[in-house]
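Everything below concerns the one structure shown next.
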Amino acid sequence: MDKPFMEVITGFLSDTGFAQISWQQGIMIIVSFVLLYLAIKKEYEPMLLLPIAFGMLLANLPLAGLNDAPTGVYGEADFQPGGLLYYLYMGVKLGIYPPLIFMGVGAMTDFGPLIANPKSLLLGAAAQVGIFAAFILAILLKFPANVAASIGIIGGADGPTAIFVTSKLAPEYLGAIAVAAYSYMALVPIIQPPIMKALTTKEERQIVMEQLRPVSKLEKIVFPIIVTTLVSLLLPSAAPLLGMLMLGNLFRESLVVDRLSKTAQNELMNIITIFLGVTVGATATAENFLTPDTLKIIGLGLLAFAAGTAGGVILGKVMCKLSGGKINPLIGSAGVSAVPMAARVSQVVGQQENPGNFLLMHAMGPNVAGVIGSAIAAGVFLNLFG
Amino acid sequence: MDKPFMEVITGFLSDTGFAQISWQQGIMIIVSFVLLYLAIKKEYEPMLLLPIAFGMLLANLPLAGLNDAPTGVYGEADFQPGGLLYYLYMGVKLGIYPPLIFMGVGAMTDFGPLIANPKSLLLGAAAQVGIFAAFILAILLKFPANVAASIGIIGGADGPTAIFVTSKLAPEYLGAIAVAAYSYMALVPIIQPPIMKALTTKEERQIVMEQLRPVSKLEKIVFPIIVTTLVSLLLPSAAPLLGMLMLGNLFRESLVVDRLSKTAQNELMNIITIFLGVTVGATATAENFLTPDTLKIIGLGLLAFAAGTAGGVILGKVMCKLSGGKINPLIGSAGVSAVPMAARVSQVVGQQENPGNFLLMHAMGPNVAGVIGSAIAAGVFLNLFG
Amino acid sequence: MDKPFMEVITGFLSDTGFAQISWQQGIMIIVSFVLLYLAIKKEYEPMLLLPIAFGMLLANLPLAGLNDAPTGVYGEADFQPGGLLYYLYMGVKLGIYPPLIFMGVGAMTDFGPLIANPKSLLLGAAAQVGIFAAFILAILLKFPANVAASIGIIGGADGPTAIFVTSKLAPEYLGAIAVAAYSYMALVPIIQPPIMKALTTKEERQIVMEQLRPVSKLEKIVFPIIVTTLVSLLLPSAAPLLGMLMLGNLFRESLVVDRLSKTAQNELMNIITIFLGVTVGATATAENFLTPDTLKIIGLGLLAFAAGTAGGVILGKVMCKLSGGKINPLIGSAGVSAVPMAARVSQVVGQQENPGNFLLMHAMGPNVAGVIGSAIAAGVFLNLFG
Amino acid sequence: MLEQLLMSLKVMVLGMGTVFVSLIALIWVIEITNKVLNMSQQRDKQDINHAQKNPNKAEAVNGNFSESRRDDTIQEDEEEIIAVITAAIAASLNRSTHDIVVRSVKRVPYNTPAWNRVGRNQQIAGRL
Amino acid sequence: MLEQLLMSLKVMVLGMGTVFVSLIALIWVIEITNKVLNMSQQRDKQDINHAQKNPNKAEAVNGNFSESRRDDTIQEDEEEIIAVITAAIAASLNRSTHDIVVRSVKRVPYNTPAWNRVGRNQQIAGRL
Amino acid sequence: MLEQLLMSLKVMVLGMGTVFVSLIALIWVIEITNKVLNMSQQRDKQDINHAQKNPNKAEAVNGNFSESRRDDTIQEDEEEIIAVITAAIAASLNRSTHDIVVRSVKRVPYNTPAWNRVGRNQQIAGRL
């Protein structure tokens, strides 16, 4: 402050963002505006895409320092705290947010349709083929295996799973992968129908399925306990995601901890969604995002969704044959997860051929099975490359 | 990935939990199922026993790694984050969760019956004898003093207090002590009545008490401020628990921060209850839990509850005599806390002898006094062995 | 425990707070009672003043140790955890709580009146003169520049901004500055009217303003995005506060993430308000608070509020002249922020002269502009002295 | 290149294999559970049928279960109340009930101020 | 063994002693507070009685307290409203009111969109 | 002393300068945005007017916007419903509506148990 006034002003001006912004940052800011438009106007998964886009905006404002790491040691004199998003990002980096979101998802999910028709699980398994198809192609495009696995998991159509895997295997790709995952989840009603129609005959699409048997309260309580135990023993690396998903579901189905169930699916989930979205978006700095890799990721993500859809429908056709025409193969596409969007797509495509056909309940089985399937695929990747 | 395929598969299989599980872990998983049954079907304090049991399940699935500590330094390349429960457990280890739960409890508690009849505090004091009786026996059973203190505090019939003390004095016993504390709190209606009946005469149990005087708003506001100041000056180590209990109560009684009061007793408390329950349960690994000590703890815990009940009832009989028969000794058993269960037990046992006898309001005085008394006893232990 | 019994008791007694309390701590406890009285009985910003006062009480109870730092290394045997408030205070120290509170404020704020009449922003700018006037006087009273800046920011009439700046520039003054800021915000209806009346004529106060134009949904959505981008580029150090304010506002106005908007303005904000208030209050230890500086801060804070009010009203008079009498200068005083209190004061003073005069909507423009203005002034201080 | 393709095919086989093995195992376990539970429930039902003829004994045998059944009754009651209220609002609004849903009608909460409730009853009783 | 027994008995005496000393101190303080508050409240009441005869003066003397009293009035009003609504619902359901409790009837929130409220009033006034 | 005064005056000029420059820039941008948006909205309106004459075409042109408009309709509907309920309660309480505000009437939530809803409809349909 002893410097001449003009110098102070010059110094001050050179500290503005206008003096420091790079053209790449400018482009990223425009990208964030486009994503905000998609989130707000087009309602592409706004619950996450809006925070992601805003985080992207904040991270590309030069000098704002919201991502900065601290310097010095906490509690000592020379300590300079880091930026807000640096601290909130710890929940991603340490793998805390995605399992807690899964707990909330579990508390919101009714596994009844799956329990009533356990064969749905096969469709939820088949739809995971998209994950591995994208993985192979990513390897052939020279991505290292850990990045290829993170790209593949976009095909799981499950945001928290994609973020969990990517934050552990390839954190520098987190922004691009999260944006791709949530965008395609929003685009499921556009991506899936042509594939579903191309792979099925009119007769198959008209199949009306038998009503599901009622599921008792006790079966619903036992289900999350069994899944946690069995799958965690088979594949321990899937335990954080699946265990918390099933804990949330047990809160819901036990009927004795209503308070916890409501908090898990509302306030806790909302708080974490905000923190997760903004900080994941903030990893999309110009340096990380404006690379040819991002375009490849977007392409591979689309392919993963398409392949997963096809995988589900094709197994659906096989099961249709084997069951003597009792299963409508359209419910197979719901196996990609993207709950409950993909199940609604099955319903809508089915009704187009036969207005009296209600497939939604039947499609919810593969749909929630797809969540379990993706978590298992994620566990395989974490086991191999983590 | 360059290895022969069979070798990869063999490696993968040897990474499954089935290949690694010990029989002790198997037993612990069964124990967790039993606790889930008690929590859900028998409704034994499900709000905490359900998360505790699920945490126990997760912690005993081999290789799931939810309790693992991180390796390397955060922010550097070789950093491997720890498991979810490792991070959430910090709130227990650092003594953060129990005082925050106490804040919520304070916001839910009406100290009116205690203010209307301050002599209730004596009954809340007498019932703490169970804590010290169990402590003495634990010492005689060769437990070290810090562990004996943690075992004794089970007799406080107050979950967060037991967890707070144990996490500071004997964290390796946390699982066993928390399970014992919450189980016995749920069993209060079974443990207490025989002791109450054995120690009182039919005439005493039939005593109808005078209606309590109304308590003004101002008295209710001043009460938490006085308790915080006085007790924290007398016993500073009780300040974290009692101070937060009284802050929550001040939120409630001041009537000017309704938003904060509601959040403290609902969302904040629910979030912390989930984290606390699951992580406390996760300390119950086979290694920590499957020891003869656990059986001793369960026995001593029962004794602590019984002795506390007896202590309250006996002082109740003394006060009955001294007051010329105005005090029903049955309200003494409510002094063990376990709010509001123990007070309901007083009510029910009283009504069995005299259907027109409403003791609940009078028993609420000793009942909430018991919470304060246990927090003070906890402070004594922390002062002596912390 | 092997010591003679009397020695144990003596040691125990010497560990009580009564044996250790200093007269300064006694005074601080009384100060905390006075603040509790103001918060509860006089309803001086109780949402923050009640937790602040209680934190002050807890921090001045000797040996309670709620502020203590930990010793040793987490996870190792000799580790002694710190006090509850030490950990909760990290959210202040690391600059996490104030931006999150701003997010909640943004989700509660309707910027419509400001968008309808953007010239309000000038009044919101002029009222910041109080900040710099107090800064100059503080410098002349020999405060170092970083402390003077923290004192000046009291004049921003915005609690989270004052706490954010002070926690970064002069944390040892946090207690005094927070108490001053919130007390004067509560006293706005007493401080402002005489100044407003002294500086305006009866005719000016009677001016009825034209009704504001309606603001479209789209303008309200675009506004937070523009403000974030523009102001963060001009002054990057304002980005944490303004960015989060505008993120909250975008949650509100986008209408597609209602869940997030509600959580940001309710549960998340309440939780953080509790933690912020108690820990900020706990910085007011006797050592930090009972100094002549505190009295100077209280004096300078009053001056800052008065100068800000005058600045707003004077520019209001200028704009009244330039607009040919279309602007009532009374809305200028609302530029100090203290939302929505200051705007209500404009309304009330205006109605005293002309009962049919409804200034509130017009005063909300400068009022919310004052929040943005203070955040910018805070950014200037952080840039210069941070 | 070929090596990478082979590696990635191995991963695919391993991955899809794990997914299918896990989920098929899950199918088995769900079906077994279903059978076990149905068997025990049918036994329960028989017990109940039997019990209904000897109501006094029923109390003793099914003591633990009675609570959960009471719960169901309450839920059904609540649905009925909600239906009535919905219909009333719809009637006054002259609309179909498809459009409006009364989300919840709360009763006295069970856990929190239990003694208040009793106290209130006591006071009411005291005035009678 | 004996030594340990002695030590633990010391702890018990010290512990129970602390508990009793603290809580007895608390009894004293509560009773003193009660007396002090009751005295000041009775003085207040006298002031009020006095004031009710001179209503103009009352405003000046009890200015600070009027707010909290207004609050009580509002609360009582609310209870009355809740009672009415409960009765209405119960009547239409043909049930006793013991069973149903309307938990809360919310008014316009005081703090949040204060200017909205005034704005709304203004707009309403503008249309008159 | 003089030096410090000068320094602090510099800070004031710089600070107030930054505040004014930033907020004046904001005024410009808001006004420009307002003009741009109004222009495009008026164009939209013309489109709509045009479209209303050719309803079939409207669907195609404004497809993306129709959703948000539907939203507005729902909101207005909701306000209407709230008004009706408020009036009903007020009538039964014999009070003015200024005092009571029904804060919200919730519909079936859109996002959560979507399949439940359909399932329910299916079951209802199944019973017809």
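Letters are used for the chains, namely A, B, C, D, E and F, taken in the order the chains are written, and counting of residues starts over at 1 for each.
By our rule, a residue touches a chain if its C-beta (ideal position, glycine included) is under 8 Å from a C-beta of that chain, and two chains touch if they have at least 3 such contacts.
What you are looking at is a predicted structure, and each value in this text was computed from that prediction instead of being measured.
Student: Quick one: how many steps at least from chain C to chain D, stepping chain to touching chain?
Tutor: Steps on the shortest route: 2.
Student: Averaging each chain's C-alpha atoms to get its centre, pick out the one most distant from chain E.
Tutor: A
Student: Over half shared or under half: which fits the residue numbers at the contact of copies chain A and chain B, same or different?
Tutor: different
Student: Report the inter-chain centroid distance for chain B and chain F in whole angstrom, where each centroid is the mean of the CA atoms.
Tutor: Centre separation, chain B to chain F: 47 Å.
Student: Distance from the CA centroid of chain A to that of chain F, rounded to the nearest Å?
Tutor: Going by mean C-alpha positions, chain A sits 28 Å from chain F.
Student: On a C-alpha centroid basis, what's the spacing between chain B and chain C, in Å?
Tutor: Going by mean C-alpha positions, chain B sits 38 Å from chain C.
Student: Any chance you could list the residues of chain D touching two or more other chains?
Tutor: In chain D, the residues touching two or more other chains are 7, 11, 14, 18, 68.
Student: Please list all residues of chain A that touch 2 or more other chains.
Tutor: In chain A, the residues touching two or more other chains are 1, 12, 43, 145, 234-235, 267, 384.
Student: Within their complex, state which residues of chain C touch chain A.
Tutor: 69, 90, 93-96, 99-100, 103, 145, 168, 221, 225, 228-229, 232-237, 239-240, 243-244, 247, 250-251, 254, 256-257, 259-260, 262-264, 267-268, 383-384
Student: Which residues of chain C touch chain B in the complex?
Tutor: On the chain C side, the touching residues are 1, 12, 15-18, 21, 29, 33, 36, 39-40, 43, 46-47, 50-51, 54, 57-58, 61-66, 70, 74-75, 81-84, 87-88, 266-267, 270-271, 273-274, 278.
Student: Over in the complex, which chain E residues touch chain B? Could you list them?
Tutor: 1, 4-5, 7-9, 11-12, 14-16, 18-27, 29-31, 33-34, 37, 41, 71
Student: Can you tell me which positions in chain D touch chain B when the two form their complex?
Tutor: For chain D paired with chain B, touching residues are 3, 7, 10-11, 14, 18, 64, 67-68, 112-116, 118-119, 121-122, 125-126.
Student: In the complex of these two chains, what residues of chain C are touching chain F?
Tutor: 115, 118-119, 121-122, 124-125, 128-129, 131-133, 135-136, 139-140, 145, 148, 216-219, 222-223, 226-227, 230-231, 234-235, 255, 369, 372-373, 376-377, 379-381, 384
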